[in-house]
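Paired with subunit B in one complex and with subunit C in the other, subunit A is shared by the two complexes that follow.
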Partner chain A sequence: MTRKPFILRNPSVLLMLAVLAVFTAAVTLMSQAYGSGAVPTSMVKVLGKTLCLALAAVAMDLVWGYIGILSLGQMAFFALGGYMIGQWLMYARTEAIVAASLAQAPIPPTPLELQEATASQIFGVVGSSDLPMVWSFAHSLPLQLLLVVAVPGLLALVFGWLAFRSRVNGVYLSILTQAMTLALALWLFQNDSGFRGNNGLSGLQNIPGLDGVSQARLSIWFLWASAAALGLGYVLIAWLVGGKFGSVIRAIRDDETRVRFLGYPVEGFKLVVFTLAAMITAVAGALYYPQAGIINPAELAPIASIYLAVWVAIGGRGRLYGAVIGAVFVSLLSSWFTGGRAPDLALPGYVVKWVDWWQVALGLSFVLVTLFAPRGIAGFFDLFTRRKESGS
Partner chain B sequence: MSALLEVSGVSVSFDGFRAIDNLSFSIGPAELRAVIGPNGAGKTTFMDIITGKTRPDAGEVLWGEYSRSLLKMNEAQIARAGIGRKFQRPTVFEDQSVADNLTMALRANRNPFSVLGWRASPSSDQRVTELAAEVGLAEQVNRKAGELSHGQKQWLEIGMLLAQEPRLLLVDEPAAGMTLAEREQTTTLLRRLAETHAVVVVEHDMDFVRRLNCKVTVLHQGSVLAEGSLDHVTRNPQVIEVYLGR
Partner chain C sequence: MTSSLRAQSLIALALMLLVSALPAQANPELEALIATNMDQIERPSRRTVGPLIKQIAATGPEGKAMLAAWTDRRLGLTDDGRVVIVAGDDMADAATGEAVAGADPKMLRPNSGVRGLIDSALVAGQISDPDRKIRVQALDSIARSGSEEHLAALRNAPPDPDPALQARKERLETLLTIQYDGDPQARIAALKEMSGDVGLDFRAVLNPLLATRRVAATEAPGDANIARELKPGSDELSRDAAYELLKSQELAQPRLTLAAQRDILIANIADGRVGGIPVTDLGDPQARDRAYEALEAAGTVTPAATEAEAQEAIDRHRYYEIYAEPNPDVTEAAKSAQTRAQVRLAAMKGIDLGLDALSFASIYFLAAIGLAVTFGVMRVINMAHGEFIMMGAYTGYVVQTLIPDRTLSLIVALPAAFAVTFAAGVALERLVIRHLAKRPLETLLATFGVSIALQQIAKNVFGTQARPLTAPEWLEGAITFNDVISISTIRAAIFVLALLFLGLFLFIMKRTRLGLEVRAVTQNPGMAASMGINPDRIAMLTFGLGSGIAGIAGVAIGLFAKVTSELGQDYIVQSFMTVVVGGVGNIWGTLAGAGLIGALSKIIESLNPSNTLAAQTFMILFIIIFIQFRPRGIIPQKGRAAEA
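Moving on to the complex of A and B:
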């Protein structure tokens, strides 16, 4: 039992970081802002968003693949992270616009007038002009950044505490997590929720204070930030699952009753993992939505969280690179097939239009992977390199 | 000698069936005890009650010098208080190495954050090596537990039990699936452990119980039918009728 530094014991972590660095550098060199322009800005945004989804998938793998909680509500945390950063983005930008237009007025506006004018700009669309309580911190970037991790973290902590304490397990727990994200979506859909109902938050691609920076540049900055977040999140989770903690959580996944008889507080471990994963997912969401430009309650639809589980399953759960492969591969393929650019498949007597049939193909491949390749795409690596150790 | 574990007047019913009926039992801090009885006598339920898996409807389970009630504690707290259990069917974590299994069982703080900060040290490595050697798995330390034979899994589980350093060991059918030589080894180990620990062995196999050479408690229909040396209980006509006579 020799002890080597963490990175050397996990060559897959090093490889993942190297691939990420090369990818980011390559995209930068082909971007419109910093390179040849071969990759259009819209594509840079797609790639940056994909990295955020990959981070959410890695967190999903921690929750599902390692400790065995099939959470079908992870995208609630992702979207909450987006909403929290979106509040600041929207408020600060609207405030700047309002201030500029009021600057011409004969009497300069008071801070209260400025706030009221900003609020009526933001909430006019839902027939209100008051700033809801939940926007109390929207003027401050540091506070909203804190809320990005605090709000989803607290939700996961309370939800997890209630669910794990009652020893809700397996499919019942999955249904509960679905109910959580659905309930949250339905609440956000209401106009008086304070989050602009089904309009959601928009204009998030415009970063306040960076008006002079082109979207081409911003998109690359966000790509870098997303790559850095994925790299850090990946290393953190790999470190977490690599040691004794990882050993205990995999044991909980395989036989939690037995782990209890070893004296481990199983519920405590689940709570730590679930909450941490929620916070990581929220950070991914906070980086995703400024690249997407808009967030609305449809993002919390249960189907989104199910997709996340499908990506992890297809990529190969129980290993972190599998989650990354699954998220990147399936989400890029999805956007290609549903983007209308995929050529139709002409069968005798029927033309398969991928825009309509992609969902069917995805569902079918999920079933096939579950039945015939439970280790997912990452499992194919085993054919080349025999894995001696599990879970690294 | 005061008792380490004191079970008194415990009853539990499942859907109207009385699995344990006014059962009382006590064991000292360094004692070997065999619990025998026919199928359905309540042996496993008895262990489930002590380890917190099943809550009794009535009765008292007191533990240690300060007579703490185990009924107010959950499984993990009871395990941390010093009660270790070896299951009938060997339950080891098959996906992980023998060393990982033993490391997990090593006596240490079980709090999630302490586990996060836990680092292997020369002394923990040495302890794992010692334990592996003690249960005859020195060569298998880096193999996955799932690759071991049935008997080796039994041994690994005994190793994990020792790693926890419990004060009371509840051992459910340790000899199941073991060869004759392994049984000898198990007997020796259990007897040696009982010099410093309380050991309760639940067993079907009368030959094995005879070799343990200890006080025997006979369970029948959820309560104690007889208690004493094996020779004493085997002469008891009721015991002969319900158990040995079959």
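Moving on to the complex of A and C:
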């Protein structure tokens, strides 16, 4: 019996890739660097960041919507990816600047002097001038790129192994992932952990070796990279959940005990999914923070991870395009409302300033979505297609 | 002298006569002493003036007055050879007490050594003064800056009628014996007597006795009191530190640092070359060494110790820590006294820590109990629980703005906070949670939505600024047991409050109809429903009760923390931890969890007090590991309900 090709079985994947391609091309043609200039560079960066968030949301959907782990620690992996790439960005750029200034000195610097001067430049703000151990590979882009997936992957592996083998699940597991994120954030907040404490890593928008390239061009390049990452991640996860593997993990979500009694190694499946999602999230973070320009431990606040879950829930979990829709829709809407550009709403006797009240509206709308539209925005598509989705 | 001045002194004289109505007392003994020892008085020497001071003190109150004036630099010598006490513009003869007018005395300025002698002579008098206040002052001054003379004075003084003062006097005498007694056996005996004492004064005496300095030498110094020998490269003495010590004792040449080498090379650049090596090549450390050696060979720079020489010098010497105190028996006794003091101090600190941990635990208990109850009954984690705590705190603040009397407002605030959060909890249960039955993860997110909405509403209503919730005066201050052990009254009160609620809760659960029904629903909702219990009503009431206690916890927390819209966030994670560690469905589990978290956070904090962030990180890590061994908490729920 021949199976239909993957793409034909999942028309939504093709549709998503097409939308992504059209979107990227449109933004490029309207950008300041390559087109008419209708979309300002800052907006291009916002869109690029949104694509990264969408990728993180797709990974979140994999762990929550498909295998049923409500992980409230995804942003820890996201930020770790950002920190790993940020180390190279900051080190390489600082080193270039320090080398340029030391070139003025009467005699050329030794490699040791160069490293010490760079370290004191980077860590001056936390009152240190030594390069911490965790920066040992910061000089090398390939090594740091490897760490982008290796460090969050390892963290997820160890944490997941500990949590799953002791059969922690449900609400307990959610709280535990949140605790992990908080612990990591508190650790990063310390000056002596080697990541510049609450200053975080900054100046990440400047790519070493690309000084001649304007931010307008860079932002478009990053948009392309983010779109490509989202497309690849989407296809990978769609392929994964489309096959037999997907059936098993959905079964684990629906009745873990029964799957275990059928002889499947439930913990192994969970561990694979959790670790893979962490690595994809880390890649998203590594693309996000060079566009944001700065990363600090506040990015790991437990609330950020909960927002990620909120996006997936509003978009509609258990289907990947739901996660993308939720992330794009809510994050763009949030930045529009909190950016002060939304017009005030004049009620009789009170003027609603959206900067102040958006959070309230978001919180309440979230309650409403969980109560009345458990399938999220994507659930509305069912009204037209009359599709009976096995998910949710 | 101008007429105005004369008039002034006349008035002053008149005043003096009026005030000292009794005729000035003449003291012939003192007069004779002064006459025979005029030289000593004018130019006292620390070595020889001692007996004279004692004699003067022995002449009576006039002699003491003279000594007091002397040490205060108020004693003058007139041209006609009289010793006068000067007070502002007035002068009086020290021996006869007669007022002296129109003289221009030469002021005596004894040096500090002499003044020390005078002071101790005076103190010797004061510690046997009939006036208790003066005796206390004298002891205070000895405690502040004791000296060898004081020791003698204390020994010779008659026993104090007041037993408290006598005890203090004996303690001071022992302390001074340790410091100043010439006989080592007496010092050792005194040290043994005080051994294990944790008073700050005793520790202050011990520290200089045990002070050491480091010495490098080729062989052991024979006469010195050696504390121990240090090995270079050990934790106490790194090799670099050893070399620094050698340098400071001029036993070794300074080493050439990389920075110094660089500066010297820069100073010797000639025609783009240093020591024959092109400047452009000097980015290489080995090229720098070659250039420097070339300069050394040419004699332009002084040779510096090479690395090998430095290491050789370090290994050739031995390193000792030497006590400043020469007598080894004394340092030995001091050391054992210190060890015993440290052990006792550690024990007391442990008790103090325990009290702190207890107060932390009571706060976590109050904050977590509601969470545990709702989780036990409904399998629901209420993410808005922290915001209920915040609501309670703000209720307390609002009540306080309405009722100025703090005690009364606190009495009103507690039930008011309970009522407000009870209502909020019931509303949340009816409007949201009831409709999400059997979907615990969605409940988590829905209540989280409520949480961010409530937080932002609080921010919009009360502003981002912290609001004060002031405790009544009788709750301020601290309950102090001794130097080390103390606890602030508010925290003690919160402990009492937590005990109260534990009792109340146990009463409701074990002795009332509601408690029975709650337990029934917790164990098996279906069976409970078929026995005529309305699970929805029970769920609503439990949720309200849990939320109400959160409100009370909010008032309690608000009394010592600042009331902000983020108040709940600070406690919610600890509350979760308490529930997770303790286990659900049993109040003793919550209690155990709160105790563990409280003790743990306090202990970790005391190990590294400067770094509270690290403390929290380690605590969370500990909990993650703890879950490995007891996944369902310290006191897990048993039976069928646990599998639900």
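Please note the rule applied: the second predicted complex is superposed on the first by the 386 of 392 C-alpha atoms of A that agree within 3 Å, B and C clash if a C-alpha of one lies under 4 Å from a C-alpha of the other, contacts with A are read in each partner's own complex, and residues count from 1 in each chain.
Keep in mind that, in the parts below, contacts are C-beta pairs under 8 Å (C-beta built on N, C-alpha and C of every residue); 3 or more make two chains touch, one makes a residue touch a chain.
The shown structure was predicted, so the numbers you read here are calculated from the model rather than taken from an experiment.
On the shared subunit subunit A, the superposed partners subunit B and subunit C are arranged side by side without overlap. In the overlay built on the shared chain, the residue A:D255 is in contact with subunit B alone; subunit C does not reach it. In the superposition on chain A, A:Q359 makes contact with subunit C only, while subunit B stays out of contact range. Residue contacts after overlaying the shared chain place A:F245 against subunit B, while subunit C stays out of touching range.
After overlaying the two complexes on the shared chain, residue contacts for A:G263 are found with subunit B alone; subunit C is out of touch. More residues of subunit A lie in contact with C than with the other chain of the pair subunit B and subunit C. When the two complexes are laid over each other on chain A, the CA centres of subunit B and subunit C sit 100 degrees apart as seen from the CA centre of subunit A, to the nearest 10.
In the superposition on chain A, A:P374 contacts subunit C only, with no contact to subunit B. Of the two partner chains, subunit C is the only one touched by A:P302; subunit B is not. Residue contacts after overlaying the shared chain place A:A179 against subunit C, while subunit B stays out of touching range.
Applying the stated contact rule after C-alpha superposition, one finds that A:P108 touches subunit C and leaves subunit B untouched. Put simply, the nearest alpha carbons of subunit B and subunit C end up 7 Å apart when the two models share chain A. Within subunit A, no residue touches subunit B in one complex and subunit C in the other.
Of all residues in subunit B, those touching subunit A in their complex are 51, 53, 74-77, 79-80, 84-85, 87, 91, 93-97, 99-100, 103-105, 110-113, 115-116, 118-120, 125, 128, 141-142, 144, 160, 164. Only residues 1, 3, 240, 243-245, 247-248, 250-251, 254-255, 257-258, 260-266, 268-269, 272, 389-391 of subunit A touch subunit B when the two sit together in their complex.
Subunit C contributes residues 258, 262, 265-266, 269, 274, 279-280, 282-285, 288, 375, 379, 381, 432, 435-436, 439-442, 444-446, 448-457, 459-460, 573, 576-577, 580, 611, 613-614, 616-617, 620-621, 623-625, 627-629, 631 to its touches with subunit A in the complex.
Chain contact summary for the complex, subunit A toward subunit C: residues 64, 68, 70, 105-113, 159, 162-163, 165-168, 170-172, 174-176, 178-180, 182-183, 186-187, 189-190, 302-303, 306, 309-310, 313, 356-357, 359-360, 362-367, 370-371, 374.
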